[in-house]
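Each of the next two complexes has chain A plus one other chain: chain B in the first, chain C in the second.
Let's look at the complex of A and B:
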């Protein structure tokens, strides 16, 4: 599974989100099955084409637009529990 | 590594007053410039990022990670720290109002990864974070960061 963490610039918030997503996957024992990358909004549409899952903030959802991947909004990028809760249905599916 | 290594006292502002989100980012940009991490132009780039993409930099309750992309205005990778005396609204639906703005300047996409890992550790530790936000001086912030592994 390929997961893309998207923010405006690709260096700050998406990097934090990628780290905490990897932590959530480890806690679920699913880190071997998923590859997480950080992307900025400019390259996100391309990256999302080959991804299964896109994680981003509510403000950026409209800018990403329609992509084949499932898009999940994360409210608190530093809350591993929220990320775990939102990822679990997808991972266990 | 400790976040204290990337956050010189010259980049820390405590009990700061900002009238709105632009003023809050200006403080974070001013602190990056004061510590030598960026030129003043980087402040405008951080504000432009929010004008373009919205307040997505408010990524946790009360916390904004102000940043732009690597540019000639970035002299070296660095962080700044602005704890606001009065919280400021950024227009973020779920995470307003903001009490802490961390400014981030990065030279490229990779060289600040360890810094981000250290920052992620701090942000996920509520006890340490509230102690940091309540700190009254830069030296106090630095001391708290220095004892966090």
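Let's look at the complex of A and C:
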């Protein structure tokens, strides 16, 4: 499974989101077959074509628009519990 | 024993002296320390090394597009024109200083952990790219001061200075961060902090009765600037067009020769193409930075969490954007205005008088640091605070990079420099400290580090921990007014 973590520049907050997503996946024991990548808003649409899941903030959702991957809004990038909770339904399917 | 010397020399020269391999090794070691599976260790290390090589490839593209612009500006204005872009100057400088700065980065991170563990400054700076930029900046100014032979000294002093600034700046910004976020769980880990604090203070003075920016309804029209590829290309096209047209009017022959066009139309389009090339180069560099950091930062963070449990993470500036999206837009616009006004002041007065370079406004630094300044200004002074705070930030990030250029040595002529406020003042202070004899330089650097740690610790204990709230009077005024209206 490929997951893309998106922020404006793709080097600061998205790396943070990537780390916390990996942590959440490890806690669920689902890190073996998941690959998390950080991306900026410009390349996110391209990256989302081959991904299963896009994680981003509420403000950037409209910029990403309609993509084949499922888009999930994360309100607090530092909150592993929130990420876990939002990822669980997707992982368990 | 001769074979041992040969082996050590090989490792030293062919592996540990090549920045890309060094970064790859550091990442791999970090991932091993976190007990990640071997596949992730190999993949992570290799990706980090390749990311660093991508950085170099992008630097070539950017330099090729900056050179004609620099020549053009020099030809029409007689002064050096510089576009501060951290990624660009880092990519250019890492060719020469990459290995030194990689050691500064790793040791500096350890120094930060020691300070976070044993002083009141419980912050873990996690903004990987700013760590990398600061490590490189310190390597450059210290090497210019101490000389290339003393690279071991550059590493030790650089690591101390890097570790210090990474715990000191979040502490100074924490009262405002508490005000903005409403709790004490995250800190500001971005080297534009001097600009944010100035914006917060300026906002408090000017916006005593101003309401929050978030009560304004704003069009979504400027949000496309969040896309850094668009923002970079757009600002570069503007800058290139201004100087291409100016050149064609003032010195048509030189302008045509520099840009390589046969007539006016071809010259303009050649400038346009160069501007887009700059955007291409920056996109390549960003891809490289992202690839390196995506592997390196998790390795660092995992280690930090084990050493200093419970410390506040100091994070990148966009973390505060959701708290005041309108403040971000206002701050960006006024910061850009502040940059333009200051550019005018430099061109008319400071360049002829002091030889300061012309710092051209880049959209990306003005968007991110101006936006951050808008959020800080809004927290203490509402709409007026956000506008004034952004403007103050714009002035700061135009003056400081010009001053910083004076201590960068040869690198000062590469038409780019470090953009954010803290790079400016910290780099300049360190650069001036090490200008004299080496011994004095080391002493002054240690003194600077000691003063900063003591000042920040006192600030943390006396101000942050006692719960000082910036702009409390305005909050009381607004609450009273609201109560009166209700």
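One rule holds for everything that comes next: the second predicted complex is superposed on the first by the 93 of 93 C-alpha atoms of A that agree within 3 Å, B and C clash if a C-alpha of one lies under 4 Å from a C-alpha of the other, contacts with A are read in each partner's own complex, and residues count from 1 in each chain.
Note that a contact is a pair of C-beta atoms (placed from the backbone, for glycine too) under 8 Å apart; a residue touches a chain by one contact, two chains touch by 3 or more.
Just so we're clear, the structure is a prediction, and the values are computed from it rather than from any experiment.
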Exercise. Please indicate which partner A:50 is in contact with in the superposed arrangement: first for chain B, second for chain C, both, or neither.
Key: neither
Quiz item: Once the shared chain is lined up, is A:7 touching chain B (first), chain C (second), both, or neither of them?
Solution: both
Practice problem: Report for A:60: first if it touches chain B alone, second if chain C alone, otherwise both or neither. | Solution: both
Quiz item: Regarding the shared-chain residue A:70, is it in contact with chain B (first), chain C (second), both, or neither?
Solution: neither
Practice problem: Report for A:15: first if it touches chain B alone, second if chain C alone, otherwise both or neither. | Solution: both
Practice problem: Look at A:40 in the shared chain and tell me whether it touches chain B only, chain C only, both, or neither; answer first, second, both or neither. | Solution: both
Practice problem: Using the touch definition from the top, say if A:80 reaches chain B (first), chain C (second), both or neither. | Solution: first
Quiz item: Looking at chain A, which of its residues have contacts with both chain B and chain C?
Solution: 7-13, 15-16, 19, 40-41, 57-60, 63, 75, 77-78
Self-check item: Residue ranges of chain B in contact with chain A within the complex
Solution: 49, 52-57, 59-61, 63, 65, 67-70, 92-95, 104, 106, 109, 112-113, 116-117, 119-120, 123-124
Quiz prompt | chain A partner contacts - residues on chain C that touch it in the complex | solution = 126-129, 185-186, 190, 220, 223-224, 226-230, 283, 286-287, 289-290, 293-294, 297-298, 301, 313, 315-319, 321-322, 325, 364, 368
Quiz item: For chain A, which residues are in contact with chain B within the complex?
Solution: 7-13, 15-17, 19-20, 40-41, 56-60, 63, 75-80
Quiz item: Any idea which chain A residues touch chain C in the complex?
Solution: 7-13, 15-16, 18-19, 22, 37-43, 57-60, 62-63, 75, 77-78
